[in-house]
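Below is the structure I would like to discuss, written out as structure tokens.
In order of appearance the chains are A, B, C, D, E and F, and numbering begins at 1 in each one.
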Amino acid sequence: MRAKRPTGNNALYRRGWRIRHAGFGEYGEEALRRLAAVDPGHARAICEFVFGTVWSRPHLSVKTRELIVLAVATALDKPNEVELHARAALRRGISRKEIVETVVQVAPYAGFPVTNHGLLAAQRAFDAADREGRAGGSRRGRG
Amino acid sequence: MRAKRPTGNNALYRRGWRIRHAGFGEYGEEALRRLAAVDPGHARAICEFVFGTVWSRPHLSVKTRELIVLAVATALDKPNEVELHARAALRRGISRKEIVETVVQVAPYAGFPVTNHGLLAAQRAFDAADREGRAGGSRRGRG
Amino acid sequence: MRAKRPTGNNALYRRGWRIRHAGFGEYGEEALRRLAAVDPGHARAICEFVFGTVWSRPHLSVKTRELIVLAVATALDKPNEVELHARAALRRGISRKEIVETVVQVAPYAGFPVTNHGLLAAQRAFDAADREGRAGGSRRGRG
Amino acid sequence: MRAKRPTGNNALYRRGWRIRHAGFGEYGEEALRRLAAVDPGHARAICEFVFGTVWSRPHLSVKTRELIVLAVATALDKPNEVELHARAALRRGISRKEIVETVVQVAPYAGFPVTNHGLLAAQRAFDAADREGRAGGSRRGRG
Amino acid sequence: MRAKRPTGNNALYRRGWRIRHAGFGEYGEEALRRLAAVDPGHARAICEFVFGTVWSRPHLSVKTRELIVLAVATALDKPNEVELHARAALRRGISRKEIVETVVQVAPYAGFPVTNHGLLAAQRAFDAADREGRAGGSRRGRG
Amino acid sequence: MRAKRPTGNNALYRRGWRIRHAGFGEYGEEALRRLAAVDPGHARAICEFVFGTVWSRPHLSVKTRELIVLAVATALDKPNEVELHARAALRRGISRKEIVETVVQVAPYAGFPVTNHGLLAAQRAFDAADREGRAGGSRRGRG
């Protein structure tokens, strides 16, 4: 029932879809479908431009890009984006401790209210990972 | 004449001063002195809290923290901070290509005007490094 | 029971109230009453200054002003304002497609998180119009 | 059961905790515990740096600092912070009218959407004070 | 010497370049070259994604999109973008009065400081048009 | 040559002009004339709405309102506004130390980059007061 593969058919879309899906999984598909119901072109640009063009660039790993996006989402006070990308970060093998550090590093540059929101959003992502029976890559060991 | 060592004398200050100085060098000392002339307590908090407490935390390297701060400074449209931290990034061994990638990764999340400002600020940092006869760690090879 | 006419009695207030009421209808009255319960002067300034002075200026139509405000509310990430003004836009004869385009045009300048929020807010406005049995001026034809 | 005294044991922490607790009371303890569950260092920095260092500075009273923070929270559109600090303001002896004025003074500098959110947040704080049987220092007399 | 035609060779790039060039002219080419010198991929995305994909969408005219972008640039306090897009607006046949109205309409939603900056930026665009011997489409008549 | 009295002739305008002029003096007149040259209605709204309506409200002193505006201008990273209002604050009898404290109080809520900008802007205002041979109300004594 749920999309298991990209619905677009050009190379850019497919490349972006794969990077995005590796992070967001089914939850991300649902979000994309809701956006596509309002405007298919905007949803397509998320795959083709955001992930197919920007996230696909060389010189930084997808893990490092994920930390960057987590920090930016925290600084711009988008807790839902923080939660979404914290879930993606866990799926990409980033530890819980690294996620928390990324949020906290934002405090001196954007203030405590946004990092408070960011930490609570990260906790929601951790709780969701616990409910799904996954340790988020890092409840033991270095994370 | 210029401070070669921290002027504060507690452990937190000294630890923060060293991390900050490794990035900003003499240029950073000058900036700190200007702030201290207006309010010494604020300048001290930059060493004790920003660098001595936050940047000193474990679980993320100083290099990764520098990329995070570069991204946040770009997203919040602080080109002077981007330039300052791009210079610091070069001194910390981050390549020019990684700096550029970090700025560009912000575009889908905060828009092109701020990444345009960020890229030009990064270029100013690269030009300064060229003038100072340093290749910024990365004009050849992977950077 | 609900206010059918402006409660202020100067010309500026009445002019602003009429422009505002044409967009927001009873829903807007309710919002204004809630604000007036906290501070009547602030609610009055919304009618006298925001709508009676700014929205009343010449050289741009109220429709164009509505698109401008929709775009600004999207860029500043105020989804409740986007929803409110999307409902107003429909009442002023703006099509659903024009509303969606206005939100999407913001993406390159303020990023995808705010346009994602904006599109979902616009959809809530469209759903409300559907429930109220109005096609929002544009379910058929060009809109 | 609930913390009646600071859990940290250095002087900076205790000083900050006292200033913070005088404003936020048990409600603030709960919020701090939630943050500490995600990252104890961040929660400690709120006591040591935010309240122990900044709020503890001379030359401005805690009351004036509370008005400043209320205004900044309004301008940055953080309604939960506005509500929290409006409750604190009442506990610190600031009148409801002064709180409302502080929010409204922000309108020309940051726009009406944020002051609308701020006023409704202030009202929630006033309602909470009413439920707790406290007049918030100011339902009669000058407030 | 200066580019008179798009340097990219795919259809998306050429379509975007034409819309952009119609607004920004040689001044825009210069700006694009400066960005391309730092990162060619980012400059290409400005043509392919920003103008080739978003500005090229149907249902709103390029003129209306220009007003939307002017308003967003004002609200986000990017005076250089306001100046650039005010120059583009004049070239696209938008009157000076419409440009001024667009900036002023932002005041109640984002505050007077940003509209003050926006008006002065618009004036710089008008002065540049005067120096170039063009009346900006509107020094007489309705504009 | 320079306006010594309000040029508008209604009561709201005159009341606002007087409050504004007491803070900004001739420097403010010059700024207002530049805005009025672009759009007279916007300049008039600054007198009638910003100062004649909002600043004129009861329950908070003009001094307290000045501190609030200084804090908001710092938080929103408008250093020119900070400088302008720091000069006004000195003229209204606020001490340099109170101005500095107001800026610093913003750091935990909006980050150090904006308070760095704010402190340097305040210093420029203090330097201007020194050049004008005024001690800014507070180089000795409590300030």
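Miscellaneous remarks
FYI, contacts are C-beta pairs under 8 Å (C-beta built on N, C-alpha and C of every residue); 3 or more make two chains touch, one makes a residue touch a chain.
In this text, all values refer to a predicted model and were calculated from it rather than measured experimentally.
Common neighbours of chain E and chain F, listed by label, are A, B, C, D. For chain E, the chain whose average C-alpha position is most distant is D. The greatest centre-to-centre gap from chain F, using C-alpha centroids, is found for A. Between chain D and chain E, two chains of identical sequence, the interface residue sets overlap for the most part, with shared numbers making up over half of the total. Put simply, the C-alpha centre of chain C and that of chain D have 32 angstrom between them. Here the CA centre of chain C is 26 Å from the CA centre of chain E.
Inter-chain spacing, taken between the CA centroids of chain A and chain F, is 43 Å. Counting partner chains per residue, chain C has residues 41, 45, 49-50, 54, 57, 73, 76, 81, 100, 104, 107-113 touching two or more of them. A complete topology is adopted by the chain contact network, contact being made between every pair of chains.
The touching residues of chain A, when paired with chain D in their complex, are 77, 100, 103-104, 107, 111-113, 115-116, 119-120, 122-123.
Those residues of chain B that touch chain D in the shared complex are 41, 45, 49, 53-54, 57. Those residues of chain B that touch chain A in the complex are listed here as 49-50, 54-55, 57-60, 64-65, 67-69, 71-73, 75-76, 81, 95, 97-98, 100-102, 104-110, 142. Interface residues of chain F, counted against chain E in their complex, comprise 34-35, 37-39, 41-42, 45-46, 50, 73, 76, 78, 81. On chain D, the positions that touch chain E within their shared complex are 107-113.
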